[in-house]
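Each of the next two complexes has subunit A plus one other chain: subunit B in the first, subunit C in the second.
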Partner chain A sequence: MGASVLQVKNLRTVLDLATGSVPVVDDVSFDVGAGETLGIVGESGSGKSMTALSIMQVLPQPIGRIESGEILLDQTDLVGLPEEEIAKVRGRDIGMILQDPHTSLNPVFTIGNQVIEALQINNPGTPRKSLLGRVVDLLRQVNVADAERRVHAYPHQMSGGMKQRVVGAIAIAGAPKVIIADEPTTALDVTIQLQYLELLRDIQEETGTAIIFITHDLGIVAKLCHKLVVMYGGKIVESGTVADVFRAPSHPYTEALLKSVPSVDQKVDRLYAIDGQPPALSVDRKGCSFAPRCPYVRDICTHQVPQHDAGLSGADTHLAACWNMGRDR
Partner chain B sequence: MSPPSILNVSGLTKHFPIPHGLLGRQEHIVRAVDDVSFSLAHGQTLALVGESGCGKTTLARMLLRLLEPTSGSVEIEGKDIATMSKAEMRRFRTNVQAVFQDPWASLSPRMRVFDIVAETLVINDNLTKGELTRRVDEALIAVGLRPEQAKYYPHEFSGGQRQRIAIASAIIAKPKLIILDEPVSALDVSIRSQIMNLFKDLQQDVGCSYVVVAHDLGTTRFMADRIAVMYLGKLVEIGPTDQMFDAPQHPYTQALLSAALPLRVDTPHEAIILRGDVPSPVNPPTGCPFHPRCQSVIGDICKTVPPRLKELGSPDHVMSCHIDP
Partner chain C sequence: MLRFIFTRLSHMLIALFVITVIVFSLSHLTGSPIDALLPDDATQQQIDSLTEHLGLDRPYYVQYLTFLQNAAVGDFGDSTKWKGNTAAAVVLERLPATLKLGGLAVLISVVVAIPLGVLSAVWRGSVFDRMAGVIALLGQSFPAFWLGIILMWIFAVMLGWFPTSGYGGLSYMILPAIAMAWFQIAALTRLTRSAMLEVLDTEYVKLARVKGVNERSVIWKHAFRNAAIVPVTYFGVLAGSLLTGSVVVETVFAWPGTGLLAIDAIRGRDFPVVQSVVMFFAVFYLLANFLVDVLYAVVDPRIRFS
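On to the complex of A and B.
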């Protein structure tokens, strides 16, 4: 694994609502290297998708904005770049795969046309016809069977899994350094999900691209990712290598998440359940956002924000933000 | 003798004609559900699993009589639901309830929680206002809500709470069978386990049976006593949950269950990766519908002869495959 390709430092993104500026991404830092896959895990409202939208700078307008922090792509800060510069980064340096393949593709253009459009970002002015061979290659690379014929197909003629492969072909058309995949398999069947994860891994092995995989499914993280960050209420509560975090989950939220997912390995009579609900967006928050649901909550948790400290595995890459680190739980 | 069953399904088939050709004069037939038979004992849970398009939701809709079958029958406690009288149908509508996937779509935004939950009783029983309130309070408490929340509208609740409201309205009439169609997949991970525990508790308290349609295999393993695997409208294997997960027999069941991603990093996850997508149900493959994707094809017989269901050791566990068990 190479040096960091994408580095996010102390990112803070807010939504300007009538009630005030609500932080949706709060002091988030991580990095991902060439050939490396980072999982971002969280529930709805945890800020995982907002983090992705911040990197691509396609936040909901006019209310969303990056308030502070850096997003370094190969040491160049993307924050504050003019829109023309950012537009060049999208698709060329950073590719994106979204959750729903049925809405990511334009229904009135053939898939060949849509892949060509992505190729033209890198080869402006090249006649479309001459790119057709490259399109077929790309479709083969994402395992679209019968690619020569399929370039002329429309999205509605394909299954969900096939469409998501085409979205993948568009994402890798510009040979990006980073691919951001936001829940790309949630709309797919489990058997097709598995094919897709293998495909992403193959693409990564061939091209050495870095992947940021956003998901709520810890099983996918265990299968695909090298390291992960766990987000809750807009903040990272735990980060580390997948092996360290799974063996020694250190934040009570991570621990609870891992315990509450029903196992496919064995039958249990009762699931571990976290009481309450994920936090709503709010302007002023005090203390740890998990405190209202935390079984180990103490006085300090409700009024002071915990810092990122070493996690239970002891590795210096394994961090957790909890006041109870090292205490008996 | 085996315990009496709440539900008996035999030879259940649903074909959807789709217009085709000039002026739609020709018809193609989608065999959404094709000759499916099974039974479910009182107080037990059966899970229907399979890829999208395998017919599991169509089957569930026929169990609720929201769709009329092309052929075959559904019996609730020995009574065929297709030939029920009006009075019997009313009783059926209280005895068999459903909880659907999306708690944003399944609750009327213009009704208060009280009216949503009480609706089944208002339509079917003549209760006094006081008795009705008592029953609604009881149902809300059973699903972990507070009686005073009955006066609010659905939009004032979170997704998990809405699903609790949907469950309260399903259980208030003390049904014998509840059809759960992807009951937790729209919910956040940390909320899912709360709701799944609730289903189990209710089953223990009330003794109701469940038919659960779910694509998440962890959910299935937790909820179900028995699992029925469907492929292109056909039942390919049905058996006790533990046997199905620990020693699946049909090649499709093996592949499907191996696609579940376990939460562990110490031992590698070995999976059978299926080639290609599910074929079109309009024009299913000849012979065994699974043969184009099957990793264990034994010869031409798979391509030409449709396999029949056969017992694997006990009548409790059957599959349709040419391979000798």
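On to the complex of A and C.
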């Protein structure tokens, strides 16, 4: 694991709604190195996808914008770069895999066509014919069976797992330094999920790319990731290596998430569920956003935002933002 | 693909059959043509002999089959108003004028409405979008005959840029074509806009962006290819309504096409010509919709391969 390829510093992204500017990503910082996999974990609406869209700068227009912070790719800040420069980063330096393979391929173009397009962006001026061989190689690399024939297929003629492999092929077409995978296995069958995760790991081993893996599945994080950040209400509530966080979850939300994962070792009548709803988007928020659902809530939690502190594992890479840390609970 | 075309063709034949039945029945509902053909003081003998001569004494199904047989070769009888011509010849003579005007109107509609719809979706909420909305609202509110008269008044009478009416070259066609096209521009713009809005929100457009496709290709290649199916659908309606629209606009501008012919033929109780006009319109409408079906398949592979 080398130096950081991608470093996000104090990122704040807002949506300009009729009610005002609502922060959806708030003071988020993390970094990921070559060959390293970072998991971003959280419920729907926790800001994990918005973080990914901010990095790619494809936020919903015209309402989404990065308000402050830095996104450093090899020490170059992407925030504030003109659109033409950002367009060169997309697909070339950072590849992305979206959640639903059934909707993320264009239904009117062949698979080959869509992979070729990605290759052409990275090799401008190269005639299409000469790229066809590369397409077949890429499809083989993501384990698409019968690749020579499949290049002429349309998305509706393929299964979800196959389509997601094609999306993977598009993501790696530019040999990116970072791949952002936004819940890539959520829409797949459980049996296919595992295959796909192994595929991602193989690609990483071959190419040494950094992966940012967005998920709500802690099981996948344990299997695939080296470190993780846990997001809640647009903020990072806990971050650290997978080993540290799983061993000593330091934020009540992380603790609750880990408790709500079913285990084969323990037989329970009812799975643990976190009471209440994730916070709705709002303009002004006071205190810790998890406070309304937190079993350990105290007075200070409701009106002052907790800062990041050393987590319970004691490791200096392990941080959590909670007023109750270290206190008996 | 061949099977697809074959199925569509057979549907077209069924529709055509129904249309012939309707045209045949309607012409009988309007009363006996004998009354129109003979003077008021005709003797019973004259009436009987003409009835027999025209075959009107035979059972309806025999008459229908005869009608069908003749219609198949384009024979709808002789015009009673334009004497010495077959009804089909009268219609065919006027058809190019209507096709020219209708073609120009379709061209104007598509060339104006598609970019207007696509760009107002891309820049939704902008001044451009609002202007396009106003253009569409006006188009859908102005009746074609009224718009025709107003255009004539402003651009022909007041400004003198175009001739007021009559048959001639491009300068004669522009005002009636705009009068016909504006309503279609309105409908087509709104349809294209909403189709584009929906498509621009899809995951594949997002994927195209994150894979580094430039914005122009995202809009015109990835998004519009998918949104196009909606305006293509409307093309069938467009073709049909330009024919019906021609009846009104050709009358306002004294443009000697089939629309004006239909009005003249109805006024002159020239049933063979009315029948031929209706049949020509019907066939044209069916062909336009058949073309739409084929275009569907060209645009969308999911239709082509199912």
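In this section, the second predicted complex is superposed on the first by the 326 of 329 C-alpha atoms of A that agree within 3 Å, B and C clash if a C-alpha of one lies under 4 Å from a C-alpha of the other, contacts with A are read in each partner's own complex, and residues count from 1 in each chain.
Please note the rule applied: a residue touches a chain if its C-beta (ideal position, glycine included) is under 8 Å from a C-beta of that chain, and two chains touch if they have at least 3 such contacts.
Given the structure is predicted, the values throughout are model-derived calculations rather than measurements.
Overlaying the two complexes via subunit A leaves subunit B and subunit C side by side, clear of any clash. Judged by the number of subunit A residues each one touches, B leads among subunit B and subunit C. Of the two partner chains placed around the shared chain by superposition, subunit B is the only one that A:198 touches, whereas subunit C remains out of contact. For the superposed model, the angle subtended at the Cα centre of subunit A by subunit B and subunit C works out to 70 degrees in steps of 10.
Of the two partner chains, neither subunit B nor subunit C is touched by A:305. In the superposition on chain A, contact of A:87 is made with subunit C only, not with subunit B. In the overlay built on the shared chain, the residue A:258 is in contact with subunit B alone; subunit C does not reach it.
Contacts of A:156 after superposition on the shared chain: subunit C is touched, whereas subunit B is not.
Looking at the shared chain after the overlay, A:248 reaches neither subunit B nor subunit C.
In the overlay built on the shared chain, the residue A:297 is in contact with neither subunit B nor subunit C.
Minimum Cα separation between subunit B and subunit C in the superposed model: 7 Å. Residue overlap on subunit A between its contacts with subunit B in one complex and with subunit C in the other: absent.
The part of subunit A that touches subunit B in the complex is made up of residues 43-44, 145, 159-162, 189-195, 198, 216-220, 222-223, 242-243, 246-247, 256-258, 260-275, 277-278, 293. Considering their complex, residues 125, 202-204, 206-215, 222, 225-226, 299-302, 305 of subunit C touch subunit A. On subunit B, the positions that touch subunit A within their shared complex are 51-52, 158, 160-161, 188-194, 196-197, 200, 215-219, 221-222, 241-242, 245, 255-257, 259-266, 269, 271, 273-274, 276-278.
Interface residues of subunit A, counted against subunit C in their complex, comprise 56, 58, 62, 83, 87-92, 95-96, 98-100, 103-110, 117-118, 121-122, 154, 156-157, 167, 170-171, 173-174.
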